[in-house]
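Next come two complexes built around chain A: one with chain B, the other with chain C.
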Partner chain A sequence: MLKSNSGESTNVVGKMVKRVDALEKVNGCARFAADIAFDGQIYCALVIAEKPHGILRSIDVSLASKMEGVEAVFTWRDIPGDNQLGEAIKDMPCLVKEGEKIRYWGDVVAVVAARDRISAENAAKSVRLDIEDLEPVLSIEEALEDRIKIHGGSNVKVTKLIRKGDPETVIKNSKEVFEGEFYAHYQEQAYMEPQGITVVPDLDYGYTVYGTMQCPYYVQSAVAHVLGLPMNRIRVIQTETGGAFGGKEDVPSYVASYAAVAAFNLKRPARLIYSREIDIQTTSKRHPIKSFYRVAMDGKKIKAIEVMAYMDMGAYATLTPIVMFRTLVHAAGAYDIENVNVDVYGVYTNKVPPGAFRGFGSPQVLFAVESMIDDIAWKLRIDPMELREENTLRPGSRTSTDHLIVESVGAPETLARVKESSHWKDLVKECIEFNRANEDKKRGAGLSHIFYGVSLGAGGQALDKSGAHVLINRDGSVEVRIGGTEMGQGAKTVIAMMAAEELGQRMERILVHQPDTAFVPDSGPTVASRTTIYSGNAVRRACITLKGKLISVFYDLFNSRPDKVKFCQGEVSDGEGRAISFDRLVDAAYVRNVKLFEAGWYDTPKLSFDMENGLGEAYVTYSYASQVVQVEVDMATGSTKVLKGFTAHDVGKAVNPDGVIGQIQGGFAQGMGYALYEDLKLRNGKIISDNFNTYIIPTIHEVPPELVIDIVEDAFSEGPYGAKGIGEPSLMPVPASVANAVSMAIGKRVRQIPVTPEYVLGLIEKKTD
Partner chain B sequence: MKIDFKVNGRDYSLEVREDMRLLDFLREELKLTGTKEGCGEGECGACTVIIDGKAVNSCLVLVPEIDGREVITVEGLERDGRLHPLQESFIEKGAVQCGFCTPGMLMSAKALLDGNADPSDEEIMEAIEGNLCRCTGYYKIVQAIRDAAGKLRNGKA
Partner chain C sequence: MLSNVKEYFRPKTVEEAFEMMEADREHSIFLSGGTIVALMGSSRIERIIDLKSLRLDSVSIKEDEIVVGATTTVEAFRKDPLMRKEFGDFFYDSFSLVGSWQIRNMATIGGSIAPKLGWSDVSACLLATGAGLMVYGPDGYRRIMLSDYFALPAGEKPLITHIIIKKDGWVSAFEKFSKTTFDIATVNVAISVRPERGRIKAARVVCGSRPQYPMRFETIENALEELEINDVMPSIVRSLVFDNFTGGSNMLASFEYRKHLASVMAQKAAEKIKEMVR
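Let's look at the complex of A and B:
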C-alpha cells in the first residue's frame, strides 16, 4: 500500500506551477488531431442513415464512387474483422449491413475515401440508401410500452438496484412522506476540438492510430477487433486533445474503426475529422434521465428514500451499463439514510446513444435528489442548510450502498465553508427583501450538496489499474510515460509535479510524453477523475525505485548515510557538506551501468460489493462538494442569470492548486450551461441543434463575475499526497444549486433541466407548485 | 486567381483557389495549423485571425478577400523569439487548459489591446464574446488579458 505523505513538507506538490504544456498551446505548435498530416493521406467522410428507424434495403454507391477525387466507398463488406462495436454490450455494428436495422439517425452505413475533404463530403451525400421506414421509439415512455422493440427483446435492457433496509414499510408508516418527479435532459460535451483520427499503415506492418481521445486502450482493442488483427499490430498515439469531458471515452474507438476500414483497404493513411454537425448529430451525450422520488422524514432526519430512474440509452447500450452504476450509487445523495431502495433502468430508444460526460450519470440524479431535499426543507420550513447538516455523510456514516466510510469525509466541512463564504442566512434574506421590492425581477439563493465516488468503483474494478514508465537519460533529463491522457484537465502537469517531487529533479527537466500504447501497458480509461491517483501512484512507485538507486550511487561516491541523502530541485546532498547536482549524479550512475528505467504499476484496492443487492464498498473513496448560487430571474422573459457562486470541494489534497481552481471554474461554467442554456433539440429523432448557433453554451457573458472557491483537504490515505480527484465533482453540484435558486426566486419547484425561459414562464403561470 | 498579401510579416504573391476558406488556406497551404476549426460557422472563434488590425473568423473569409491585406495568426505573435505579453500572461495566469480555443482567444485579445491599451472588464468581455471556451469558465482568460494589458502599458514587454 502506498501511504500518503501529506503533511510532510514538499518541494513541488501543492505549489503554484506553470502548466507543462502551456507554451506549445500559446504559440500554435501544439498538434491536435487535425494538425497532423501524412504523405499520401486520404480524407474520409461518413454516410449516415438519416432515418431514426428502419431496415436498410440497399446501398447504392455507383454515383458516389465515380465522382471527382473519390478513391473508394467502403461498406460492411470491406470490414476484414468483426463488424461489431460497443464496449459493454455488443449490440452496435461498425457499418450497418443490408437487410439489417437502422436504429438511429446517425447509424453509419458507409465510409467514403477521397483526395480531399470536400470531395469526400460531396460523395458521401451522393450515396443512395434505400431504407424501409419503421415507426420510431422517441421517448422513454414509448420505449417502456415495449410495443415496438428496437433490438428484438424488451427495450428495457439493463437494470441495477440497491436494497438497503426496508424503505417500503418505513414510508408506509410515516406521517411525513414527500414525492417528486424530475427530468434531466441531454447535454452535449461540446469539447472545442471535434472528433478526429488518422490511421496510418506503419513500419511494424500494422497500423498506428493518431487522434483526439481519452482512452487509447479502448481504441486499440476496437480497431484490432474490426480489422481482425492481433492487438500487437495496432498502436495508438494520442494527439493533443482539445477537451473531452467523457465525449472522447468510447466514441474515438468508433471514429478510429471507420477510418481503419479505409486505411486497411487502401493501404494509405486515412484521416477522418468530424464536422461539428456530424459530431453533435452522431456522438454520445449526457443521458436524459427521468426519476421518481419518495422520501420519508422523521423530524429533520431522512428516514427512508425510494428512487426509480429511467435512462434513455438511445439506439445502443455503449457505456450505459457502466454509467448506470454511478447513477445508482449517487441517486440517494450525500446522506446517511438507513432505508434506501434505488432502481435504475436503461431503455433503448431510436435516438443518439448517450455515454460518458463529466459526472457520468450522476448529475441528473443529484439534481433530482437535491431538488427533493430542498423541496422538503421548504415544505417543513427547515433551513435547507440545516437539513443537509443534519443528514450529511460524516466519518463513521454509511452511504446509500451501506459503505461504512471512516476517513477523508470532508462533506460537513464543505457545507460549513459555503455557509460562511456565502453568508447563507443573509443571502437568503437579501433575496427575500429584493423580491418584496421588485416585481419584474426575482432573486433566489440555492444550495446543493453532493458526493462523488472516485475512480471506476465496484462496477469497473477489472479496468482499474495504471502503468507508468520512467526513464532517466544520461544528461539527467527524465522521460515519463503514462497510460492516462491529457485532454486539458492538467494530467501532464500533475504527473510532472509528482515525478519532480519523488525524484528531486527540477520540473522543467521532466517530459511527460503523449500516451502511446507501444510503451505503457493497458492502464484503463482516462475517466472517473482517476488519473491523479492511478497514473500518479504508478509514476511515484517507479520514481521511488529510481531514487533508491541514485542514493546508492551517492553512497558509493561520498560514503554518506543513505537516510541522510536529500534530493531537492535538481540538487542532492547529505546535509554535511557533500553535494552533487542531480544531473551529475545520474552521469555517475550511467558509468556504473545502473539501470535507470523503471516501470510503475498501481492497481485498485479491492472492493467488496454485492451486485445483487447493490450493497457494499461502491468506490475506493468519495469526494464531496457544497455549493451556493444566487440567481436573478426576469419574470417577463423567464430568463435566468447566475449572479454569484460559492463552492467548496473536498479534494483530499490539491496537488496542483492552480489546476484544481481551473477545473472548478470550468466545471462550474459547464454545469451552469447544463442547468440553464444547453437545450438539445430533436425532431423525429434527428438532432437539429447541431452547431453553436442553436446549441448554446455559456460565453463570457453568462458566467458570474463572482465565483468563490474553497478547497477542503481531507486526505485520502491511498491517494498520492492524499489526493482524490476533482475533474467531475467540479460540475456535479451546479445543476442542483441553480435549479434550487430558481425555485426560490419564482416560488415554484423546478423539476427539469435545462431551466429554459419557456419552462420558467410555464411554471410562473401555473397556479400550484 | 493571383493575389498579394502579407501573413505574419511575410509577403506572398500566390495563385489561389477562389472558393477556398482562409482557414483552410492558412492550415493547408501555408501549413499554419495554429489556427483551429471548432465549428466552421462563425460561432466559436477558434479560427480567429487578425486582418488589418481586426479580429475575424477565418472560417467565414474566402482567400481572395485578403488580397492586398495583412493577416496575423497565432504563429505571428512572437517577436524575435520572445513571447508576446499576452502569451506570457496566458501561461502565467493558467488561462490555458486544453488549448484549442487559445489561439483564437489570443488573437481576439491582441486585436483589442492593439487598439486599446487600458480596456475595462466590459471591453475585455466584449472582445472575447465570440470566442467559446469549454474548459476554463473564462475566469483566468480575463485575468490574463488584464495582466498583459498592464505589462504593455508599463512597457515591460
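Let's look at the complex of A and C:
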C-alpha cells in the first residue's frame, strides 16, 4: 500500500500497472478511423484552392461530376446550415463561395463524393477553379504593415496584455537592462494517424460521427452548425485515436463538417480520410512566434520584464485567441517578478492557420524567456541555476498575472532535483574542460525552468468541467464513460485506476468506453493536461457515491460498522472476519434493487481574473519542471547531439507512474524535435515539407540514452489524490534547455528554434554574438 | 500507394522480365526490394514485375572482380564475407548508414541504383569504387560503367542484373551528413584512391545529394594525382572540394551550406584514407 503526498492511502493509484488499452493496440485489433466501414459508404476528397491569396471567381465541377465512380460534387450551395466555422471566431468558411476570398493554400472549395477513394481524389483534381490572384502576406512583418488586408480590417486581429507594476519606470531607472529578440518556428504535431472521419445517417434520424479526435463536443457543435440541425441530432463517437498533440482539437470539427455535407446530401455514410500530405499542408501547427524581451536586474533579482510577442495565426483565427492567453500568462516565465508588461498580438497571414499543440502557445515564449534568463546569467557571471533559484516561484509568490500561489508549488524542488541529478556544477565544469581540450567538438550544459497553468484557466472557464457515468453490472463488471478522450496519453488507464481505487474492484473488471456524446454531457475539450483532474474527479465522485450504496448492502448482509468496511482488489471486508467478493456484493445489491449507476461531475471554482489588465487567477494550479541537458556541437557542420538529459517534474501526484514516465520520455523527444530537427518549409504559402521524408522528426537514436526522470509530488488539494497534469509540461522545458546548452557550447546566443545545423554554423562563423 | 495495379508478374528469366516491361512500359514498374515502390503514389502503374523471382541475389568472385546480383539486399551485401574480405570495412561501415536496419533488409543494391536517386549512399559508394553494371536492354546484355548509367537518357532504362566491382587495391572511405540517424543524406562523399609509395596515383571523388545524383569530380581527381598522403592531404582535399563543388539548394540545405558540408565530409573521408594507407 502506498501513501500519497496528499495523505490518502491507496491500493491502485501510484502503482505500476499495465495500460488497459495496450493489448488491442499491439495485436492490431484496435479500430482507428480508417478501420471503420459501413455498407453503402461513399468516399470523400477535398478540392482545395492551391493558391495563397485570391478571389474565387468560379467553380467548374462539370468534368469531375461526370467521371466514373463519382456520386456528386458539393459546394457551399449544398450546405444546409451555416457555412462559417471557427472555435473562437467564426472567420473561416466551411466551403469558399464564388466571389469570396481564398486566404490560404488549403482553403476548401468543394467536396467530391465517389464510390471509392481513388475516384474521389481523381475527380477532385478535375474540378476547375478560376482564382484571381492577390498578393499574399507571408510573414509577420508583412502582416503588421497592414498594406494588404486579409480579412478586410487590420491584420492584427486579437491582442492580450498584462499590466503589473510599473516595468517601464523600473527599466528606465535600472543600470542592468538586457534585451533579446527570439523566433520560434512552426511545429507539426506529427501524430501517427492522420485526420479521419465517417459521418453516418443514423437510427435517430440524425447523424453519428465516428472519427479520430480530441474533442467530440466541438465536433458535435460544428456538424450541427453546418447542417443546421439541433445538437441532439448529432452523436459523436471517438474511434481509437493514434496521437493528437492538439492537432485533433478543432481540426476534426472541420473534417467532420466536410464529410457531413456529403452524408447529408446523399443520405449515405460519408468517409473522409486525409493523406499525410493533405494533413500536413492544410491542418493546424504550433504558432510561429516572434518575441522581444527587455529585462531589468538588480543584482540577482529580476526587477522588471517587458515582452512583446507576435503570433502568426495564418489565414484564420481558429484557436489563436485561446492559445494566446497561455502565451500571455507564460511569457514572463516561472518567476516572481514585481513589474511585468506583456503584449501579445495575433496577426493574419496567408498561410496555414496554426492552433493547438502540446504546450498551447507557451513553449515558444518559454524558450524565449529562458534564453533571456540564461543570457543574463552568463553576462552577469551568475550561475544560471542560482539565478533561477533566486527568482523562482515558491509558495506565497505571485505569478506574472499577480496570482498568489499558496499550495502545490514544486518549482524550488524541481530545481533542486535537477541540480542534484545532473551534478550541475560538475557538468558545467566538465563542459568547460572538454571545450578547452577540443576544437572540433564543443559541449554545453543548458538549464531551463518552466511552469504550466493546468486546465483551461480564466481564458476558458466555460469549458472547464467534465462529466462521467459509472455503471456496475450485475456480474460486478464496471463500465465507465467519460467525456475526455484517449489519444495515446493513457487517459483510459488513469481513469480505470481511479475507478478501481474508489470501488475496490480489480482493474481488469473495469472497462472505460470510447467517448460518446450520447452518454456523457459536454465535458469540454481533452486538452490542457486536464483529463486526470477533470474526468478523474468526475469518475471519482460517481464511484464514491456507488461505493456508499455498496457499503449499505454490506451492512445489510453482515451488520458491520460502515466505517470499518474496506474495498480492495475485488474483495470487501470489515476487518473482523466478515468478507465477500465485490461481484457477490453487487449481486446482492441487484437483488435489493439498488441503483448502481451514477453520474459524476466536476468543475472548478470560479477564477477571479481581470481580462482588461491581465491580472488575477489565471489557472486553477500550475505544474512545474526544471531540466538540464548536455549537448555536443560539431563545430565543422553545426550539428548538435543531445548527450544527456535530466528532468524533474512536479505533477502533484503520479497516479500512474509508468504513464507519467512515458509522457515525459515522449515529451522530451518531441521537444527535441522542436528544438533541433523539425523545420517546416514553405514556398509561396504552400507547405512543401509535407511528409516525414522531408519533415524530419527525431528517432529513438536521437534520444539520449541517459535521460534521468525525477517526479516531484507536491499535492494539489483539488486534484484527485493530489494530481495535476503532465501531458504538456513534459515537452515545454526542452527547447530552452537545448538552446541554452548549444549557446554555451558555441559561445554565441541561440535566438531561434529549430536550432538547425545550418543556423548553428552561421552563428559559429559570426564574428560577434 | 499504387492504386490501380491490375497485374503482378514473377518472371523466370531476365529476358522475360525485360519483355514484360517493354510490353507496356508506361504502366509497368519493376519491384525489387519494395522500399521505393511501397512509397509510390500513382494511379498510372497497372503492372508490377517482381524481380525477386530472378534470384539475382548472390555475391561471387570472377577472376579479379566481385559480381553482385542486383536483388542482393543492402544488408546482405554489406555483411557478405567476400565483400568483407576484399573491401574490408568500407561497404560494411558505409552501408550501415543507409536508412534503418529494416530498410536495409528490404532495399536491394540494384533497386538503390536504378531510380537514380540523388541522395543514394549506395550509388555514391559504388561510383567511388569504379563499379560497373551488367544491364539487359533491347540489344541484350551489355556492360556499362555506373557513371554512364546515370548519364543515360531518361527514356532508356535497361534492367540492371549485376553490379561488378574490381578488386584493384584501391582504398575507399565514405562520409555522410544527415539530420537524423535515418534521414537521407544532406550531402554524402565517397573517395577512393590508388596509393603508391605514399602518394595518390589516382583518385575518384564522388559527391552525392548535391541534391542531384552522385557524380565524380574529375577536376579534383586530377588535382589529387601525385599528392603525398600526409597530414596536410585531408585539408587539401577539403579545399579542392569546396572550390569545385557543384550542386544546388533544396529544402534540406542551401547551396552554400551543402558546399561547406561536402568539403568537411571530404576532409573526414580523406583522414580515414590517410589512416588506412599509413
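Here, the second predicted complex is superposed on the first by the 764 of 769 C-alpha atoms of A that agree within 3 Å, B and C clash if a C-alpha of one lies under 4 Å from a C-alpha of the other, contacts with A are read in each partner's own complex, and residues count from 1 in each chain.
By definition in this document, a contact is a pair of C-beta atoms (placed from the backbone, for glycine too) under 8 Å apart; a residue touches a chain by one contact, two chains touch by 3 or more.
All values reported here derive from a predicted model rather than from experimental measurement.
Peer 1: Does chain B (first) or chain C (second) touch A:191, or do both, or does neither?
Peer 2: After superposing on A, A:191 lies in contact with chain B but is clear of chain C.
Peer 1: Contact-wise, after the overlay, does A:21 reach chain B, chain C, both or neither (first, second, both, neither)?
Peer 2: First partner only, chain B.
Peer 1: Report for A:699: first if it touches chain B alone, second if chain C alone, otherwise both or neither.
Peer 2: In the superposed model, A:699 contacts both chain B and chain C.
Peer 1: Which partner does A:242 reach: the first (chain B), the second (chain C), both, or neither?
Peer 2: First partner only.
Peer 1: After lining up the shared chain so the two structures overlap, which partner does A:288 touch, if you call chain B first and chain C second: first, second, both or neither?
Peer 2: Neither: A:288 stays clear of chain B and chain C.
Peer 1: In the overlay, work out which of chain B or chain C sits against more residues of chain A.
Peer 2: Higher number of touched chain A residues: B.
Peer 1: Return first, second, both or neither, reflecting whether A:722 touches chain B, chain C, both chains, or no partner chain.
Peer 2: So A:722 meets neither chain B nor chain C here.
Peer 1: Taking the superposition on A as described, I'd like to know which of chain B and chain C A:515 touches: first, second, both or neither.
Peer 2: Neither chain B nor chain C is touched by A:515.
Peer 1: Between chain B and chain C, which residues of chain A are contacted by each of them?
Peer 2: Shared contact residues on chain A: 693, 697-699, 701.
Peer 1: In their complex, what parts of chain C are in touch with chain A?
Peer 2: Those residues of chain C that touch chain A are 3-4, 43, 177, 179-184, 251-254, 257, 260-261, 264.
Peer 1: Chain B touches which residues of chain A in the complex?
Peer 2: 18-19, 21-32, 34-35, 189-194, 240-243, 245, 275-276, 487-490, 658-659, 661-662, 665-670, 691-693, 697-701, 703, 705, 707
Peer 1: If we count contacts the way the header does, which residues on chain B are in touch with chain A in the complex?
Peer 2: Within the complex, chain B contacts chain A at residues 27, 32-41, 43-44, 46, 73-75, 77-78, 83, 87, 90-92, 94, 96-103, 106, 121, 125, 128-142.
Peer 1: Quick one: in the complex, what on chain A touches chain C?
Peer 2: Answer in residue numbers: 117-118, 122, 636-637, 639, 677, 681, 688-689, 693-694, 696-699, 701-702, 756-758, 761.
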